[in-house]
């Protein structure tokens, strides 16, 4: 099933006076894609999965390479692979493409935290099992 | 003391391919200005004032006229006047200028809500007294 | 054909600490919907339609009523009606709903400008004819 | 003179339902800081410096570590050091702090491009000389 693929269209307000998507928006695009992975592959929504497991997720690290720009109204695709499931952290890679060309590649590290203490906590089994389906080929 | 004046500089990412601040950002600029009014004129921060009074504020209505565009890196000024303090709602007007020229004029209606029930609630006295200082001349 | 309907899902980053979509984002949602109207009902993209007609469009006025909040991950629908096509300006109304409930209603006035002089210019025939299909019932 | 320091306050709309600044905004904060470096240390604005030199700058790489969250209304400081000035690229590091605590550290690589061809071009002397003042101690 890997990678998980999500398509979206670049919005006018996401483009800057260079007429390309502003760099910070790619981090947002990756966040939107991973939210959709939860929506598609869990029985509940992202918020409900987190709440019922007593956890939340924070981004601990993000490394991005910007290879080519996305422009207003272009449809781009975010492809997500869950590269590693540790005890409390999850590593993902993302490739954002447009018409077959790579625009941005990214590596992300997420950490699961207890919803009450906001301290690191093991990845809940339900999340671990589902995310494992999107591991590298 | 009216109007309350707040200056800010238009950010690159707030400008769109027309090279002007995207229209939705003016609502954000007004929100930033009113947050600063709380910061400057209450003993506590916006969040603390709300929490200690058991209330929150929502925007119920916003009417905006866009007269001229703001451009990247320009310093603009938001001038806020509290036009009317009702029982549960507050009306404000905003004029956003750049170098003496009016860019945007706006009328806003805010409603105070109980933090628990999210229902309309009277404006707390502390907030009413402070806001009254920024009434029309 | 009226109104033109466009669905989108509220993104995490569009929600604020009140856990609802920040008010300025509704203006963005309306912009995204009207861009999609161009995409669906013109032979070319929004940018190409504008460029080939030597025009651009600016928002001159926006009046919004916020009735109820949209929350993270909810699917909302923007319904657009072109209320009036003047010589150089176009008036639209928008109703943003979620599961049958009205969240935001808005009235917008757009002005067409010459791409070179940035002065008011008549609505090009191609745009007028297409927009007329979305007039009030 | 290194690092270049820029202070800003976290805006309400930049915070998400976790009540912290959404991760993508830190890339924006770094962009705002570097824009201010141009404003403070060149005779002209960022846009004018670029245009008069016939260049533009794009972000080619951004590596971010998120150590602790920034919250609504907090004042944070972006400290920028220009780590390396190559022929066509510039590397910077950024440390974003709040009340002495590190929130985010980042490494960025910028590439200068010809404004007409959008191809890599040597860093203009004027920009190189000014940026060199913010090199590592």
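Lettered A, B, C and D in written order, each chain numbered from 1.
Quick note on the criterion: contacts are C-beta pairs under 8 Å (C-beta built on N, C-alpha and C of every residue); 3 or more make two chains touch, one makes a residue touch a chain.
Since this is a predicted model, take the numbers as computed values, not measurements.
Enquirer: With chain centres set to the mean of the C-alpha atoms, which chain is at the far end from chain C?
Expert: The most distant chain relative to chain C turns out to be D.
Enquirer: Of the pairs A-C and C-D, which shows more C-beta pairs in contact?
Expert: So, comparing the two chain pairs, more contacts are at A-C.
Enquirer: Centroid from C-alpha atoms only, then distance chain C to chain D, rounded to Å. What do you get?
Expert: It comes to 34 Å between the two C-alpha centres.
Enquirer: Averaging only over C-alpha atoms, locate the centres of chain A and chain C and give their separation in whole Å.
Expert: The answer is 29 Å.
Enquirer: Where does chain A touch two or more other chains at once, residue-wise?
Expert: Residues 12-13, 22, 24, 28, 31, 72.
Enquirer: Considering the complex alone, what residue numbers of chain B touch chain D?
Expert: Touch list, chain B to chain D: 11-13, 28, 31-32, 35, 39, 45-47, 72-73.
Enquirer: Where on chain A does chain D make contact in their complex?
Expert: Its residues touching chain D are 18, 22-28, 31, 56, 58-66, 69.
Enquirer: Please output the residues of chain A touching chain B within their complex, sorted ascending.
Expert: 12-13, 15-17, 19, 22, 24, 72
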